[in-house]
Every structure is written in structure tokens, then in C-alpha cells.
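Both complexes below contain chain A, partnered by chain B and then by chain C.
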Partner chain A sequence: MIGALPNASALSRRAAHARARLFNTRTNTALSIVAIVVGGALAFLLARFILFEANWGLVAINRKLFFVGSYPPDEAFRIWIAVFITAVLAALSYGLWGGRLRPYAIAVGVTALLILTLGLGTELRIEERQYTEEIQSASGQTTTVSGIERELVFDRGWAPTWLYAVSLGLALPFGAPWLLMAAVFALLVVGAMAGRRLTRWKSNPILLQSIGAAWVLLIPVVVLLQVGVGVDKWESAFLDLLVFAVGGFFSFVIGVFLALGRRSPYRAISVASVTYIEVVRAAPLLVWLLFATFLEDELGPVGEAFSNISLTYRVMVVFAFFGGAYIAEVVRGGLQSIPRGQYEAADAMGLSPVEKYAVIILPQAIRAVVPAIIGRFIALWKDTALLAAVSLVNTLEKAKKVLGSQTDIAEGAFFEIYIVVGLVYWLVSYLLSRLGGAAETRLRVGAR
Partner chain B sequence: MKQRLQDIWRHKRSRYMAVNVTVGALGGIVAGYVAYSIAVNFFDFDFLFAPYGSPDRSSIFQALDIEASDPRWLGMLKGAGNTLSVVGFAIVSASLLGLAIGVARLTAHPLMNTLGNLYVQTFRNLPLLLIMFFFAFAVFRSLPQIESRSGVVGVVYVSNRGLALPWLEAASSLWTLWALALAAAVALAWFARRWRLQEELRTGRSTHPNTWGVCVFLFVAAATYLALAAPVRVTLPEVTQSASGFYTYEGGNVLGLGYMSAFISLTLYFSAFIAEIVRGSIQAVPHGQVEAATSLGLSPYQRFTLIVLPQALRIMIPLLNNEYQNTNKDSTLAHAIAYGEIVLISNRIVNNAGNLLQTYIFIFLVFVLTNLIISLVMNSINKSVRIR
Partner chain C sequence: MATESKREIVRLEKVTKRFGDFTALNGVDISVTEGEVVAIIGPSGSGKSTLLRTINQLEPHDEGRIFFDGMELTDDSRTLTKIRAETGMVFQQFNLFPHLTVLRNIALAPQKVHHRPEQEAEERALQLLDRVGIVEQAEKYPGQLSGGQQQRVAIARALAMDPKLMMFDEPTSALDPEMINEVLKVMTELAASGMTMICVTHEMGFARNAANRVIFMDEGEIVEIGTSAEFFTTPREPRTKTFLDQILTH
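What follows is the complex of A and B.
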């Protein structure tokens, strides 16, 4: 085991290797066999299910339910506007951020190609048939039963099934407005290129500030767009995203104020902040959600007024205040990492307390904990699954409803439905975690 | 007047006083309002003594099964017991699995590495509730029917009703004595191990302390088992058909779908987080430590257990503490798959009796208490591994 001492540059690379061999010097072969058997079996089962067994047509025909639920088709422009704004902003920021353009363009192009062409030559419809059947009971009597039998007809056209499974096109291609989809993809590419052009003026504070302001304004704009439709029309993945966006935004604001409050020199403020943070963190989110659901008869007039608000808004409030308590702890860590000298320098320059925190302390503190804050956002996104537990129709609840209501065509299709719903949740949190990783390297957190 | 206020603001002590009094008064109003609302109906505890109403047999221990005639307070306590019985086992299994996967992610073995990475990325980015639904509604529903007798015949059965396992059953009333004897055996084994370890340090020769400990435990356990004339026995599950044609399990212990789904989901979900903690903490041990251990001629196993793990534990334990508390809190999601844990039981009581605040304050106290216990245990472990 004692080999030649590695030189310093290769040390870190060798370190992982050397540590790894702590266990498997003699058992390397055994490990390989185990890995191949376990991995191979899983891959085989998954592949067999995706390629041959799964009823993807069921997912495809319910695609709209999973994404926007029973959103009125006449009002679809509200969602498209939100999608367009988000796409442009995301692409611009990606370009400005200095993301690599070529792999990005290829990824967007391939996705676009898959999504826009998968529907070609596909036939998907539900056939209804009248049927009569004679049933012989135990006593020898025959009764005639008749009804309507539904069958899902899914002719996949040119594309093999696995293509549906590996792309998001699984749900999107059938009948989604082509031009609009194409426009979104075009905006994604053009926006990123424009963003790259703008890097020339990257030091221009007005540019960066306006992009930042646009992101901050995005959430109220999107929500105001949706308010016109009525809160009870928000369903499925769309509801999850709205609750996440609103809850995340306000939990950040609340979290920053709580973190500052916790370190406040005024004893009453710091005691109140600590009490709030600890009380909220002591109980599970589910308990707070259920509490907000059942509140009507309790807490007198305040409870009554609160329970008159629509449940969706109440849940958003719970998310904001619950997430705020956790983000406060993260931001506190950031505040603690700021050297005393920064405070003293700000004081020496005669800045007022508000200026000191807004201009000197908070930007540095928050910058230091951006990855951890994104981690909290990931947790918050995953927590939106809990809306199902308080009888709001989110993606998870919609899946249950589809399985429960379309028993004729969805017979036993539990795996397909839950895999697709899982993919929706997984994709967003995976992208967020990649964003966190990128932020970590980009902001060189820990290097300072 | 304005001048006066400005003076108060400029003067540091008076400013502190003013802010503290104002905020304190506001906080007092909020606290007072909550306290008043509670007091209005809080001191009505009669509802706790009414019968619970509907039986709930999703527990894994017979003692925790809720009967319809049980008073509500007992139902709530049993619900808390159900929470603990899933959280306790899930914490242990998630830690073991997380340790294995965390180490697998550190190995140079590329296949193990990839599998570990896939595992962590999959389960860390999925909502726990979805994993629970997946197991409860997709996986366990598609298991075979009870009458097919799938599993190892006579020992373990798997069906869409749950998992039937062999279990222990009291054969005589002396089993409590034997349980005490087992606790004593653990203590004796601990002392034996420590004594051998001191011998090893004194003489410098290997004295097999771990083997000694295990042997002492087994010997004491077997001797007391025989001395008390076999106070417990194993019952094996059986699939039986009643006169009316219904199939049921008899004997053994049946782990219901709710429990199994909750347990497996909590294990999978939190093992992914624990794996990341394990990986990060082991990576944080300076590599010079491993090199020093290597140059001392320690075996890979010794290097890991004697040098790396003790140092990694110091970083790991505060993070694990946090993760265990999350496991405890997130076990509440099992109420959505009809496992009779505390929130499910309390919600049934709230639906029937309507005493929301009392029951929810009880839930709150249960979680404060259990998290405190987890915290105390982890802190004491932390103390035992600190640098002395």
C-alpha cells in the first residue's frame, strides 16, 4: 500500500483515491460484482419498464392536467406571458453570468427538436364504446349490464417510446401551441447571446441593477397576472411554482430581517426574533400548514379574519414565515462571517445604521451564504409537495386524482404517473442545486 | 414635544429603553392575545377522556395499537409512540445506509462512485411525500395478494397487506426479568471490553476487546435465558383462511403498508442527506492523517476506524443532529399515507371534538421534547468524541 509519495499538485487527486482504498484493496472485485449486479438489475428493470411496459399514452393525454390543471384555456395567455418573461430573464442572466454558450445552445436546440417534433404522426385519443355484457349470478339468473367503455388509443408515430420517456416531450408535444413553444426556445437562445454581448458593460451598475430589479419584479408581475383568473384555478405544477416563488421571495425578506433582529443590540428585538425562530423551527411544516387550515374557530377575531383568506394565500403566508425562520439562521451565519473591521470601517465613515447594513454588511453577508440560501429554496420547493396534505390540488394531488378518476384507462398506471410527477419535482430541484453549485464557484465562497 | 422625542432618541440609554419597552409591549400584546384565546377554551380537557372511537392498527407493536374504546389522551400518547417507533428505526437504518453510500462515494472504485452519486442525486432532489406516495400507492399496491403466500414459506411473507415477520412473544411472565438481564449483559460486555482494551494498552499485545465484549454479552444472555426457563419464544407468521373465506396473517408480526412505506421512504430520503454529510466530513479530515497512519503500518480498516472516522465524527455529529431532528419532524408526512402517527391521531380527534389548540399544543410539545432528546443524545456523543 505504501507507494511513492505523490507530489503536491497531484496530492488532492490522489487523496480521494488513497482514502477510497481504505476499504477495497482486497475486496475490489467483490465490490465490482456487487455494483454490476445491483446497477445492472436496476437498469434492466427500469429500461424494461420504460421501453416495453409503461403506458406513456396515459401521461401524454393528461399532460395539461399535470402542468396547469383545469386552468381556463381562454386565459392561457397569462401563463404564456409569464413563461416568456421568465425565459428572457433567465437567458439574459445566463449570458451575463458568463455561462458557456455552445453547450447551452445545443441543449436548448436538442430539447426544442425533441419537444417540437415528437408529436409528429402521433395519434392519441380516447375511444368510447357502448358495451353490453351478460352476467350470470350464483343463483343462475342472468342480468344484462351495459355501459360505456373507454379505451386509450396511442399510436406513437415515428418516435420510439423511450424518446418520450427521456425528454420532457413526454407530456408537452401533443397539441401544445407550436409557435409559442418555438418562440420560447428561440428566446432562450437569443437572450443568452444578447446577455453575452452585454458582458461588455458588465461593470455598469445600472445594467446589473435593472436585471436584478427585473427578477425581483417578476414574482409580483406573475402573481398579479394570475390574480385575474381566480385563486381556485391555480393547480398542479403551476400552483407549486407560484407557492414556491411567492413563499421563497417573502421568506428571504423575512429571513434577512429576522437575522438582523437576532443580532440587534436592542434586547427586546433580539429576544423576540430568537423566540420566533425557535418556535417556528420546533414544529414540522405540516403542523403549521394544518394549523393554518383548521384555524377558523380558534384565536378569536384574528383567526376568523385569517381563515376568510383563500387557503392558497394562507399556505403562501405559512411558507413565507416558515421558510423565513430557516433562512434567518443561514443569513445569521453569513453575518457572523463578516469581520469586525467592516462594521468599524462603516462606522468610521459616518454611515447611518441603515446605510451600514444595506451597503456594507448585508451584501457581503448574503454573498457568503448564497449556496446555503439556494439549499433552503430547494427544501422549500420540495415542501410544496405538502400542499397535497392540506387538500390543495398540487402536482402530487393531481396525480392521485387522475389515478382515482380515470380508473378505466389509468388502471394500475401508478408507476408511470408517479415517475412523471417525480420528474417534475426532481428537475426543478436539480436545476436549483446546479445553480447553487455554480454560485459557489462563481462567487468563490470559501476562498475568501 | 418633538424636541423631547429627539432628545430621547439621541440619548443611548433612553433610546434602548424606549425601543425595548415598545417592542416588549407589542410582543406582550401578541403573547397575551394567544394566551387569552387559548385560555378561553384551553382549560376544557373533558374531551380527552371520551373514547377515541375508531380502532387504528397500523402500529408495529401490539401495545401501541389503538382500540376504539381507548380514551383520546391514550390514543394521542400511542400516536406519539407510533411516531417514535418509525423515527427510531429510520434514524438507525438511514445512518447505516448513509454511511455505506457516503463511503462508496469516496472510493476510487468508479462503479461504486457512480452508483452512490446517482442514489444521492435521485433521493435528495425528490420530495419526501412523493417517495412515500410512490411506495404506498405504486410499489406496495403491486405486490402479490396475501393468498399467494409469497415470501419464504413459514418465515416471512410479503403481500399488498404488508410484511409478516417472525417476532418475539412472551412465554412466561419472567420476560421482564430477562429484559433487565439483557440490559445488565450490555453493561457487563461494555466493562469487559474496556478492561481488555486497558490490558491491550498496558501490554501492547492484541487482546481482542470487541470479541470479548460480544462473547460476554452472548454468554450472559444465554445463561439467563436458560436460567429463567426460556421466558420468550419466537412466533412465526402463518397465512390462514377463516370460515368466511377471508385470509389473514396469524402469529409473527405484520408490518403494515403505512409503516413500511414511511420507514422505507424516511430511510431512503435521509440516507441521501446523511451520505453527503459523511462524505463531506471524511473529506475534511486532513490527508496527512491518512498518510501518517499508513506510514505507521496500519491496515486500511484500522486507518478508517482508528484515525479517519473518529476525526470525521467531530464534524459529522452536529450535522447529523440536525438531520435526525429533520427525520423526526418529517415523519409527520406519514399521516398522508394513513400511518397512525401523532398528527393523524390528533387530526381525527380535532375532527370529532374540535379542540384544535389543545391537541396541536400537544403535538408541538411532543416534537420539542423528542428533538430535545435527540439533541441531548447527540451532544453527549459529541462530548465523548471531542479532542481531549
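What follows is the complex of A and C.
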């Protein structure tokens, strides 16, 4: 279904190709053999660890912490609403425009469903055992030590533990009833089918604009849903995602305005833009984050007002303005690639400067630099790892806390925990780059 | 020559344009009346493009006065809005918007500048495409068309504003030879329909047959103006003769 298997002749062609490329000279053959041996050994060790040795139960039992941290369980509906809206929007957009992503979507969906099914009914618990032990000291005395020992126990044993761990993580990311997760799946499928139905109108400006607007509105809606709980409760992947979404969105807006400001005919504006861009890029993000944390009333009333805002919001502001400086430079490159004739044609037909930039220049300039913009977004996403440095509990910090606080069951489980942290960063980066790739091909239609 | 009763569309009085120390236009006087077709010829760098571009103020002039349909072009932005909304310009390099379909390229300005409803603007765009003979390309993107087709779209785009004046800046110079005629044909039909036109061109056949008057420019000045019949048969100025000899004898 997902793609025809290469036929025999293609395989033998590949083998011939490999012989010609990898084993053509003595040096090349030696290098290839070394690479295969080393790579194979690494792959073997990794596979052995993942399949048999790793303590995935630890990950499974802490899954909620990885996703939403210590978000109040009674308020979990706020996150579920956000998840539902996102699922519907994503599925609709995918159904409408995601043709190129279909193989990936099907692969991910089928795998997820398989794992889900396997995981149903699995039970994972921590068993506590009373233990008594006699310890012989050096002087020959015997002392009796007793206490409680905790152990992770899986209830079913016919599939490897990692499969249970993954399935539990997927099925119940928030420790929620699997019915909710099933609802998300249903929404995804129905949304995608509805999107497919609508493909006839996929170039319709009203549909385009409303779905675009819905995506943009999603961010404030998710934030507004937190009224009553407070952003201070955001932790883990949920915190990272929101800081990235808010910061990324506004960094794009700020970046576009800075790029335009840089070439403004008013010198004050262009000098201010250039100065801003250069100053912001002169220091690492960490420094700006620390500024935002410790900036109390040094800056007078402005600083005071700023420091009264919740740290999470302050960090989002820093992300937006920091990312904006970089996106500005990317967009500037795009603007420079637009030939003068485009400006002249727009001027000659009487478009206002705003119309000229909004309809003619920016759409082309931004299209020209989609890959670089996606690159900046991916960098910004991975920069959320720095949140730990300003005492926000991001995924990384949560992982450390799990390791530090559950010493009995988490003993030595660094690898398992950090693999999960790495997967969280990788997954979003990967989705962004696929999305960027799809956007690029789609937007290339009609380019000169 | 146009008769006295005809309305004057453009008048330039002693117009001068400088780029730094370099004088690209030096005291140019021209008057074009309604329905007239004027061809401008002259060697490269003689200021032909600059002349067109001062008329719609892509290059603001430094000295002299420019009148468009009785209104003087001044610093007042309203005069700028009017001249651009009421003139159409066709460029050597087409300058179509590559990210918009042919139809959107044409319907855009009427919608944004004249505030026409989308449907009306697009219907009109289709009529214009029909007029330049490529209505079947409406949904394509400019990059999918041949050069000649692109230039015809550019002409339709300029016409969509219902301009009082059409300006062409070497519209066939970037075209492969086999495509020149399809564009010249559209221009000739346009001239016959009574459109007021100023055309910078190297197509002497077009200048001779479709234009009422021919202007010869050199070094930022108008060297000679004549009716197209006089101009080619009995040029007065030696510089005109030299130029005509050069381009007509090869």
C-alpha cells in the first residue's frame, strides 16, 4: 500500500551500484568493511538495549510527567479541548492539502493503531514489598534492616516491555481514559476524510483564509483556555510546545516587519531595525533569557511592569524577539531576490505601498526562503531546551527530576529517559521539516 | 497630426531628469492627444525608457512640468494615484507576477485600485484575455507561458485598468523572433481601436504603419518629431538619417 517493493531487477541494480561505489578499490573496500562492522555493532548494542535491557516501565509510568508535568488533573479538560481542536484542524488541513504527506500519515497511523491495540488491557503498577535483611558488620555484629522496596511490574508478559511502554505512552499520554484518546483518533480520521471531500475547493480563498485564520487563532485559544489555571502550571512538552508556538508565530511577524523596516526609506526606521537585529544576534539566547528573568526594576516602570508578568510569558516574549531577529535576516534575503521589475509593475498599476508588499513582494519573498524559515523554526523549537536554565520545568528538566526523585525505580535509567527526551525534540523537528518540504513543493507551482 | 478639437492626454514642458551628474532627459517637450499613437525610437541609452517612466512617475522629474489629462503632476500624492490608475505600462521583461495565475494578474489592479468586485474584475479579465487571444490560459501561471503569451497577458493586465494612455517600453525586444508578430498584432489592433499609445520600439514596420507620429531621441533630447510618413521618407536631421541608415540597412 505504502509503496511498491522494489522488484528483483531493481535490487540487483542496487547491488551492482553498491559494488561499484563501495567496493571498487582496495581502500574503499577496507573503509566500507570498517564502517559496516562498526555501524553493525552499534546497531546491535542499541537494539539489544531497546528491546531487552531498557527499563521502559519507568518511562511508561511517568508518561504524564513527560507530556504535561504536574498539570492539575482536574483541569486536564483544558488540554484535551486544545488537543481536540488541533486534531480536527490538522486532519482537515491534511485532507485538503496533505497529499504529499499521505505515505507518512498512513505509516504513522497504522503503527500507532497497532501499538495501541497491543497495549490495551496492559497493566503497569508499582509493587511495594516489605523487606527485612540481616547485615553482618565487620565486627561480627548482626543488624536487621527493614523497609519498603518498590518495584515496577507489568501485568502481561507476552510482548516485550518496550512495546507496552510505547503503547501506554501513546494511549494514555495524560493518564487519561483511553476513550478520550480514541476520540482523538476518530477526529483525526473523520477530519481527514472531510478534508478530502472538500478538495474541490482547496484553492477557494474563503476556505484557505478561514483555515489559515483558525490555525492562527489556535494559539490564543489554547492560551485563553489556561485562564483559571495559570501559565505557571505549564510544564514539560506542553510548555515547550506552547513557548515554541507563541514564540515562533510572533517571531515570524516580528521578523517580517524588521526585514521591511530595514529597507524603509525613513532612515530612523531602517537604522533602528538594523541596530535591533545586530544587537539581538550579538548575544546567545540564554543571555536574553537570563535578562528576562532577573530584569526587575532596573528599567524603571517598563521593567517593573515586565517583571510582573508571569515568567512563562516573559520567556515567550524573549523567544519571539530573539527569533524575529534571525527571521528578519532570512526574509531580507528573500526580499533581495525579487527583481526590480516586480516593484515597478506594482507601482505602475497604482497599487499602494502596503498592497504592493502584501500582495506582490512579500508572498514571493517568503516563498523563496521557506526552507530557511523552517530551519529557524526548528532551531527555535530546540532552543526550548534552554528553558531549564531559567527555572522553568521543560521536558529536559522534568526528565532530570524523574531521575532525581524516583531513585529507587529510576536507578541508572539515564539512557531510557534521555532517549525519550530526544524523541520529543526529534518528533517535532521532523514534523516541521516534513511540513516545510510539503509547503515548498506546493508553493513552487507558478514560481518563475 | 491631431486636430485642434482633440483632447490632450499628455503634455511635457521642458522636462529634465538627472541621475546624479548625468542628465538622462534634457528639456523634453511633447504633446500627445487622444487616440494618437506615438512611436519613440533612438539609440540605446538615449533616455526613451526614462521618458516613459517620468510620465507615470516611476522616476519623478527634476525640472519642467508634466500634464496628464489636464492635471499637472505635482508632489500631491493624489496626482500620483491618478496618473498610475489611468495609464497602463507594458515592460520589456513583461514583469508579470509569477505567483499569481494569469487571471489574478489581470484582475488584481481593478480590484485593489478601482475597488471592483472580484467577479466583475475576473469577467473583465477573461474578456481582455479573449481580446489578446489567450483566454484558454487564464488559470495557468506566467512561468508556464511562452514569452509572446506572457507579453500579451501583460498588455491585457495594463488594459484592465481602462487606461487613458498605454505606454510600451520595447515590448518585443525580449522575445524570440517568431513571437514578435503575435504581440505586434495585438498592439496594432489596439492602435486601430483608438487607444492613445506611446511606444518605445525598434520595430520600424510598426512605427511606420501603426503610429501617427515618430519621435527620434538621442542623448536625452528630442532630435526630430514627424508624421510617420515624413519621418521615414524625408528625415530632416543628420542624426536621424544616420540612425535610420544604421538600422534599416542590415
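The criterion applied here is as follows: the second predicted complex is superposed on the first by the 363 of 448 C-alpha atoms of A that agree within 3 Å, B and C clash if a C-alpha of one lies under 4 Å from a C-alpha of the other, contacts with A are read in each partner's own complex, and residues count from 1 in each chain.
What we mean here is this: a residue touches a chain if its C-beta (ideal position, glycine included) is under 8 Å from a C-beta of that chain, and two chains touch if they have at least 3 such contacts.
Keep in mind the model is a prediction, meaning the values are calculated, not measured.
Of the two partner chains placed by superposition, only chain C is touched by A:341; chain B is not. In the superposed model, A:403 lies in contact with chain B only, and not with chain C. Of the two partner chains placed by the overlay, only chain B lies in contact with A:32; chain C stays clear of it. Of the two partner chains placed around the shared chain by superposition, chain C is the only one that A:351 touches, whereas chain B remains out of contact. Once the two complexes are laid over each other on the shared chain, residue contacts for A:363 go to chain C alone; chain B is not touched. Shared-chain residue A:127: touches no atom of chain B or chain C.
When the two complexes are overlaid on their common chain A, residue A:304 makes contact with neither chain B nor chain C. Looking at the superposed arrangement, the partner reaching more residues of chain A, out of chain B and chain C, is B.
Counting contacts by the rule stated earlier, no residue of chain A appears in both its interface with chain B and its interface with chain C. Residue ranges of chain B in contact with chain A, taken from their complex: 16, 19-24, 27, 33-34, 36-37, 40-41, 103, 106-109, 111-112, 114-115, 121-122, 124-130, 133-134, 137-138, 141-142, 282-283, 287, 290, 294-295, 300-301, 303-304, 308, 329-330, 332-333, 335-336, 343, 347, 350, 354, 356-357, 360, 363-364, 367-368, 371. Only residues 56, 58, 81, 84-85, 87-89, 91, 93, 95-101, 108-109, 112-113, 141-144, 157-158, 161 of chain C touch chain A when the two sit together in their complex. Contact residues of chain A toward chain C in the complex are 339, 341-342, 344-345, 347-352, 355, 359-360, 363-364, 367, 445-448. Within the complex formed with chain B, the residues of chain A that make contact are 1-2, 11-12, 15-25, 28, 31-32, 35-36, 38-39, 265-269, 271-272, 275, 282-287, 290-291, 294-295, 297-300, 302-303, 378, 382-386, 388-389, 396, 399-400, 403, 412, 414-415, 418, 421-422, 425-426, 429-430, 433.
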